[in-house]
Each structure stands twice: as structure tokens, then as C-alpha cells.
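For reference, chains read A, B, C, D and E in written order, and residue numbers begin at 1 within each chain.
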Amino acid sequence: MEKRTIAAVLSFAIVAVFFFFSVFLIHPFGDLDQVQMDDHIITNTQNETGTNNGVTAVVFDYRGFDTLGEATILFSAVAGVIMIFRRVKE
Amino acid sequence: MTEMTKIVKTIANILFPFTVLFGLYVIAHGHLTPGGGFQGGAVVASGCALLLVAYSSGWVFERIKEKRLATFESIGAIGFITVALLGLMFSMVFFGNFLAGSNLLFGTTPATGSTLANFNTGGVLPLMNFAVGVKVIAGLFVIVLVMAYASSVRGWDQ
Amino acid sequence: MTLEEILIQHSPALVIAIPLLSAFLMPLISRINAKLRNVFAIAMLGLTGCFIWLLATDVLTSGPRVYIFGAKNLTIPVVRILFEVDSIGIFMAIITIMLAIIAVIYSWSFMNEQDGLDKYYTLLLLLVTSALGMEFTGDIFNFFVFLEISCIASCALIAFWVTEGEALEAAFKYIVVSAIGALFVLFAIGVLYAQYDALNIATLAQALQYTFLDKIVLILLLVVLGMKAGLAPMHMWLPDAYGRAPPSVTLIIISATLASFYGVLRVIFTLYGNVLTTSMRFDFPLHVIIGWVLIVLAIVSILIGVIMALIQSDFMRLIGYTAVAEVGYMFLAIGTTVAALGAPYATVALQGGILHLLNDAIDIGLLFLVAGAIYYVTKKRSLDDIGGLARTMKYTTVFFIVALLAVAGMPPLNGFTSKFLIYESVYQLNPILSIVAILCSILLLAIFIKVLYAAFLGPELPALKDVKEAPKSMLLAMGLFAGLAILIGLFPNLFIDTLVKPAADALLNHAQYITMVIGGI
Amino acid sequence: MIEYIPFIAVVAMVFIGLYAVMFRRNLIKIVIGITIIESGVNLFLITLGYREGGVAPIYTGLPPGTTYPEQMVLPVPQALTLTSIVIGVAVLALMLSLVMHIYRKYGTLDVRKIRRLKE
Amino acid sequence: MFTLESGSGFWNPLIWILIVFIAFLLFYGIRGFGKNIHKKGTEQTKAFLSGNKESAPEDMHVKASNLYWGFTTSMKALYAGLRKMHTGNTSDYILWFVVVLAVLFIIFGVM
């Protein structure tokens, strides 16, 4: 085998093994141990933001700045795509 | 991409208004039901992509220029950041929800617990949803349109 | 409250909002007039610079500043995104805005014959915003979002010259590397969120236990941010991207790269600041392991960067490899600091590393501007095709000599001051490392002497008979950098006392960073 | 074991994607690999927010008898996933347009032949 | 303001400039002792190439790739390895990332 393949397979396996065993250290699915931030949001959504939808409250109010960044990402992708497909005088 | 048959065109004609309407509903009710600006915008943009498939991309490109769509996208983004800056002006903090609890537009506070949908709630959230909706419709549509048109123009497949 | 106080209070938000809003406005404004567009870009960046200046005066005199988005008061647990601006953040912001303003000045002449310039300026402003956001943010997911903005905007800008296949190739390689890196960062953020249910850096730093999962997170963040900063052996995207992007763009990509380097600093010193000295394995505290890992990677970066730069014939690609070596010097300083945490020379190494950030931005930036000027007048990339340019491009030659001496760490220019601090402190950790660093610095000098000889000296080539000096705005941009290089070289303490020492102290004092958010209620 | 299956799926997806990026030769397949990694990470985030027997954190038409916050899933991971999906769309659009251009310039999609920039 | 202290040493650019200036003066003074026998435009200034004719200026210019030929040739083995490492293949860029990840996982996992 090529050296590259050996190195690739070996390191790939090591990283995969570490990832695989580390996920068992995360809390089991559906059984959370630390929820203080989210409980705070769920309890206070209605009186703080006046919204029934907790997810929208997080997206646009509690973490609204992230959404601005997200909108910026879409904007820059559109700008990039239009720029790449522009007609160029060769 | 060439034009498709009459069957596809007819079905696209029927489906397009419904898709757009559903997308706009999702955008408008983002603060009450699952959904919001991004999801609704994606629905509307997929409706537009349906047109793109049925009629050729050249047909759509003749009617809607990508520059105009990009302008719309800019306007959506400006609207979003303007709402955030209005928060800076009225509630002295960037991204402040200055309308929530003010009993003005969208200013009603819902009762706690399970309630019926009251459209007049949410403060600035519906405004932001709307701005993001415009932005996502224009943005996704322009991406699809530009890529489809560029691949349909000759000189790409050599 | 006076107006100034209100402005200072809101300047963290405005520093992001102004370039972002101007980026959104740019497509509309560039429809009116091309000249108006250029003036608008420089004016808005100038305004941002004013706010950074205002913020800097406040942060450097009265400590870090916290800005919460969407609410006036903090709640515990911290649910909202907040900006925490301390001395190191403001130092990085000053570098970013300096590079951005000079890049826009340079673009005036350099880009005037291109089309698609409205998108170019839009993406330029977005890239500046993303670098500023990465430097100010106190929320780890927000950091990821800004990392992605910088990834997308710089990828699109690298592909600006779409008629060249190599530019597209470089952009594709860059986006693959950045996208995968960013996804692993997101994975790490998810793991942190699963354990502590927090996204705020200060909250996470306080709660961090250094479990096995935290180890994984640390490695992922270090490797990805190191890759984005150009650490060997994951540096291959860097010469490709730097060599093929327009040089005015490269300046801002440098600032994005430095922002990733800042992310490494933030992860080590703040996020894992509590556990650096307390976690022990086999009598080794954690900081020794991290420090030596960084030192080894840094030495590899320096060696590979210098040795590969020696055989390049493409001028911009050569500078790209030099940039890898310079990043290696920064990582060497940081590694020494972390490995010898607590020793008196650790602080000196950190100061040297932080000053080297500024010097790297100036020196590499100046080199790229010179390379761009040569490309602008001759339309040639390869050093083999040019020669004797000193006869026609007198000012550019002078600026290149300044850059050459600065990047090789020759006194009395700025590169020497920071490298002096780095050599002195690394020598006390391990003399061999210091000697290797000095030897590589000499090799850097040799590399650029080669460039000086090949491009500027020698007989006048007939193909280049009618080249002219670069336009005025390009000379102005290069002159600004050269002036800064000489200024820092002659008055290093002016910068070290006002900017670098507070920045180093802010990094080492992670307890203050945490208390600003959590203890301040 | 059974309660860890979503996490195992996440790891599997991430490494399938990484495999595609590292060993496939077609650029489009590399792009698909990145998209699979991204889906895996999104699945990871959404998995972290699930609470046993929880409903969506939306008060409109909440099933009667639901106690909150104990019976609602966490809203923050959903918001993060939303952000991540949009980022993925943006990256995907840019990557595909670059691939289209690269195909026009190089006439191939083989990653081993698209290396004019080396050394 | 001018002296940069590093804990174990110091650096002052002004003293350095002063020393360089003095050295330059010394050099210039010593140079003055020599005889001025250089005359422009005579045979003296022409290159002597064993009787061959002087080439055109563009041929006299040593190309950038040919500079440091000796260095690169003597380090051939090193350069062969490094060239092999920089394949320019996008997958290899990711491969290096995974390799570093694996090495660090092992280092941190053991330690």
C-alpha cells in the first residue's frame, strides 16, 4: 500500500476511535443534567419577549446577534456567488 | 436548462401560488407557530425554483434580473439591522426588543402558559421575521437563478 | 450621561454595526457612482476606526467592557450574547482596522480597472466585520458564526480573479479546509454545551472541569484555529490563498488569520485558563504539555515556511510561505509562555508574541503591497520574468528594502523588537530553540535578498522598458506601512507600554475576564 | 447502549463525510462529504436538546397538562441548528459555484488533477 | 522610552544607530587613505570574460530560480521530502489536519 493510504487509514481510525468513545461520556439521549440556561429561556420567553414560540425567541431575541451574523453569511454567499459568476472582460 | 412540457408548466402554475402563500404564512406566524423568516423564505424560494425548473432559467432571467433581486436582498438585510438599531435608539441597547410589552404594534404580552395564537405579540420579532423573510427569498432565489442561468449558457459544458 | 459616555457605552455594538450596515448599503450606493462608493468605504472604515479609538482609550484606562445584546442587565445564567472587550481584543481590533483602511486606500488604484467592484467592497467590509466580531465576542457560538463569515467572505474574495484557474483552485481549497475546520469547531461547541449548558466564554471558563470531553474540545479548537492561523503542517492552504488573492484582499485575510490566532490565545488563556496549572498528569501540569506541543508545531512552521520560501519563484507565494514562518514565530512565543507559565520570562515571551502580531501584520502586509505594485505595473507574477525595477520604481524599492529588513528582524526596524523579545525569552526556556529561530531569521534575510536582487537590481530588461512607478494611492498605502515599521522600530516602548503590556496582562489575568461577567452582579 | 444510538449515528455521519473528503476523487463528492459532516453536526446539536417526552417549546396550542420547563425540549440547540443550516447552505452554494468554474477552467473534476498550486 | 528591557537584556535603537553611524564614519575615513585610480569609461570598468564578448543585459541577469543553486542542490534530500509533502491535493490538506488531530489525541490521551 501507499504510504499516504496507511497514514490516512491509521490517523482516521485513531480520530474515529477517540470520537466514538468520547460520545459515551456525554449524557444519555434525552436525559439532561445541566439545563439552567434553557430553563431560564423557556420560563421567561412569554413575559420577556412576548412570544409564544421559544425557538423564535431564541433566534431573534436572546441570540438575535447570531441571526444577524447568519443573515450576513447568506448575504456574503449571495455576493460571492454573483461575483464569481460575473461577466469578465477577458 | 430547457423549457419543460406543458404538463409540468401547468402544475407549476397551480402549485406556485400555494407554495408562496404557505411560505408567507410561515413567515408571518413565525412568532406563534413553528417556522419563521428563514424557513418561510426557504419555502417561497423553493416555489421560485419550481418556476425555474418548469420554465427555463433563461425565461425567468429575462423577467427578473439578478441585480434587482440582490437589491431586494440588501433591503432585507438593511431592514433587519435597522430594527436592531432602532432598539439601540428606543431601548438604549442594540437588539433591544423595544416593542415588547409596550402595547403598541405587536406589543401585547401574552398570558403565561398555553395560550391561543395572538398575532399582536412578539415585539420586534415579527418585523425581524419579515425582514429576514424578504432577505432569504431574494437571497436563495438569486443563488439558484444565477447558478442555473450560468450553467444553461453555452460555454460551460466543454 | 454625556454624549461621549453614551458613545463609548455603545461602541462595541457600533464597531460591528457600522461596517455591517455599510456592507449592506454598498450594492445600493455603488449603483450611483464609483467614486462615491470608494469614498463611502473609506469613510465608514474611518468611522469604525474612530469608535475603536474611543473604545481603546476607555478600555486601556478603566478595564474591560461588557456589552450585552438585547438587554441592559445581565441575568444568571447568561442567556444573551455579549461582547467582552479587553485590552487584547482592542489591540487586535486596532490591527484589523489599520489593515482594512490601508487595503481600501490601496484598492483605489490597484482595483480601478476591474469590474465587479461593488461586490468586492461589500465582501471586504464583511471580512473586516467578521474579524472585528471574532476579536470582541464573548460568546463561543458567536465566535463560530464570525469565523464562518470570514471563511465565506475571504473565499469569495480569493476567487476575485475568476479568469485565473489557480485563483478558483485556491479558493476551493480554502473553503474546503475552512468549512471542515468550522464544522469541527461547531462539534466542539456542541460538546461544551452538552456538558455545561452554556455558550458564554466566561461561564464556560468558570465551569470547566477538564474532563476527557474537555480534552477533546481543547484539541479540536487548538488544531482548527491553528490551521486557520496557518500552523504547519496544516499550512498548505495559506500560500495558495495568499499567493492567488489580490494583494489588497490578502491584507484583510491576514487580519482574519490573525483573528484565528487570537482565538487560539483566547482558548488557551481564558477558556482553559483555570485548568492550565491545576490539572496534573504524570507530574506534568497541563500547561507544559500544551506549551511544548505548540513549540514543536511552531518550530516546524518556521522551518517549513523558510525552507519552502527559498525555492519559490512566484513572489506572492513566496511571501505566503514567509507568512507561515512568521506565524511560527508567534506560536513559538505563545508556546514558551504557556510552557513556562509563572516564570518571569513567560510574560516577556507573551509580550514579544503579541507585539509580533502587529509587526507581522505590518511587514507581511507591506511585502504584499510591494508584490501587488510590481504585479500592477508589470502584470507578471514570477520573479524570473522581472529585473532591474529599481531604475523605474524608486519608491517601491525603498519600501521593499524597509519590508525586507523588517521581516528578517534586522535592527532598527520593527521586526527586530519583537523577535528580540522572543529570542531572549525562548533562550531561557531552551537555547537550541532560540538558535533555530535566529538561524531561520537569517534565512529569511537571504530569501528577501534574493528577491531584491532578482526583482529590483540587475540590468534593465527590455520587456520592462516602459514600466512606470506605481500610482499614488498605492505608494501612500505602502508609505503608511513603512512609516509604522520605522516608528515601531525606533520607539518600541511607546507601543509596548501602551498597547502590548495591557494586552498581555489581560490574557494572563483570566480571573478578571470571568468576574467581569459572572462576579459583577 | 440504546440511549447512545443518536450519538453513534452522529459520529458515523461525521466520519462517513470525512472519508468522502479524504478518499473520494470527484470534487462534487468532496462537497457532498462536507455536507454529510455538516448534517452529522446538526444532528448532534439537535440531539443534545432533546428531553425525554418533551414537546416543542411553543406555547401556542400546548397540549393540556404539559408542565414546563420539565416537559419541553431545549430551544437553544434548535436555534443553533437553524443558524448552522443556513451557514451550510451558504457554504454549499459557494463551493458548488467554485466547482462549476473549476470544471470550466480545468476540464476535469478529479481532485488529483486540480493541483496547479503545489510546492 | 527608547530602551527595551527584556528581563535579561536590553535593546536601544538609538545607541545602535549611533554605533552604525560611527562605524560608517570610520569606514569612510579609512577609505579616504586609498588612492583614487578608478576611471570611468575605460577598459577598467568593463567585464572581462576571458576574451568572450559581453552578452546582452537580459542574459546577464541571474534569474531568481537560479540564485542559491548551491544551497538547494546540497539540500536536495530535504527538498525532495518537502516537495512530496506539498502535493497540492485538497484531500491531503484534510489528511494533514486529521493526522495532527490523531497525534494530539494520542499525546493528550496518554498524558
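Just so we're on the same page, a contact is a pair of C-beta atoms (placed from the backbone, for glycine too) under 8 Å apart; a residue touches a chain by one contact, two chains touch by 3 or more.
Keep in mind the model is a prediction, meaning the values are calculated, not measured.
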| item | value |
| --- | --- |
| Other chains in touch with both subunit C and subunit E | A, D |
| Chain separated most widely from subunit B, comparing mean CA positions | E |
| Contact-richer chain pair [B-D vs A-E] | B-D |
| From subunit D, the most remote chain by mean C-alpha position | E |
| Length of the line joining the C-alpha centres of subunit B and subunit E, rounded to whole Å | 57 |
| Inter-chain centre distance, subunit B versus subunit C - centres from mean C-alpha coordinates, in Å | 36 |
| Subunit A and subunit D, separation of their C-alpha mean positions in angstrom | 8 |
| Mean-CA-position distance for subunit D and subunit C (Å) | 29 |
| Residues within subunit A bordering two or more other chains | 8, 12, 15, 18-19, 26, 32, 35, 37-38, 41, 46, 52-53, 55, 57, 59, 61, 63-70, 72-82, 84-85 |
| Numbers and ranges of subunit B residues touching at least 2 other chains | 32-34, 36, 38, 70, 74, 77, 81, 84, 94-95, 97, 110, 113, 115, 117, 140, 143, 146-147, 150 |
| Set of subunit D residues in contact with two or more other chains | 14, 18, 21-23, 30, 48, 56, 58-60, 76, 80, 82-83, 86-87, 89-91, 93-94, 97-98, 101, 114-117, 119 |
| Every chain pair meeting the contact rule | A-B, A-C, A-D, A-E, B-C, B-D, C-D, C-E, D-E |
| Residues of subunit C that touch subunit E when the two form their complex | 172-173, 176-177, 180-181, 215-216, 218-220, 222-224, 227, 233-234, 236-237, 240, 281-282, 284, 289, 293, 297, 304, 307-308, 310-311, 313, 344-345, 348, 352, 382-384, 387-388, 411-412, 416-417, 420-421, 424-425, 427-428, 446, 450-451, 453-455, 458-463, 489-494, 496 |
| Subunit C-facing residues of subunit B, complex | 70-71, 74, 77-78, 81, 84-85, 87-88, 91-97 |
| Residues of subunit A that touch subunit C when the two form their complex | 18-19, 22, 25-27, 32, 34-38, 40-41, 61-66, 68-70, 72-73, 75-77, 79-84, 86-90 |
| Subunit D residues within the subunit B interface of the complex | 56, 58-64, 66, 82, 85-86, 89, 93, 96-97, 100, 104, 107 |
| Residues of subunit A defined as touching subunit D within the complex | 8, 12, 15-16, 19-20, 23-24, 26, 28-32, 35, 37-39, 41-43, 45-46, 52-55, 57-59, 63, 66-67, 69-70, 73-74, 76-78, 80-81, 84-85 |
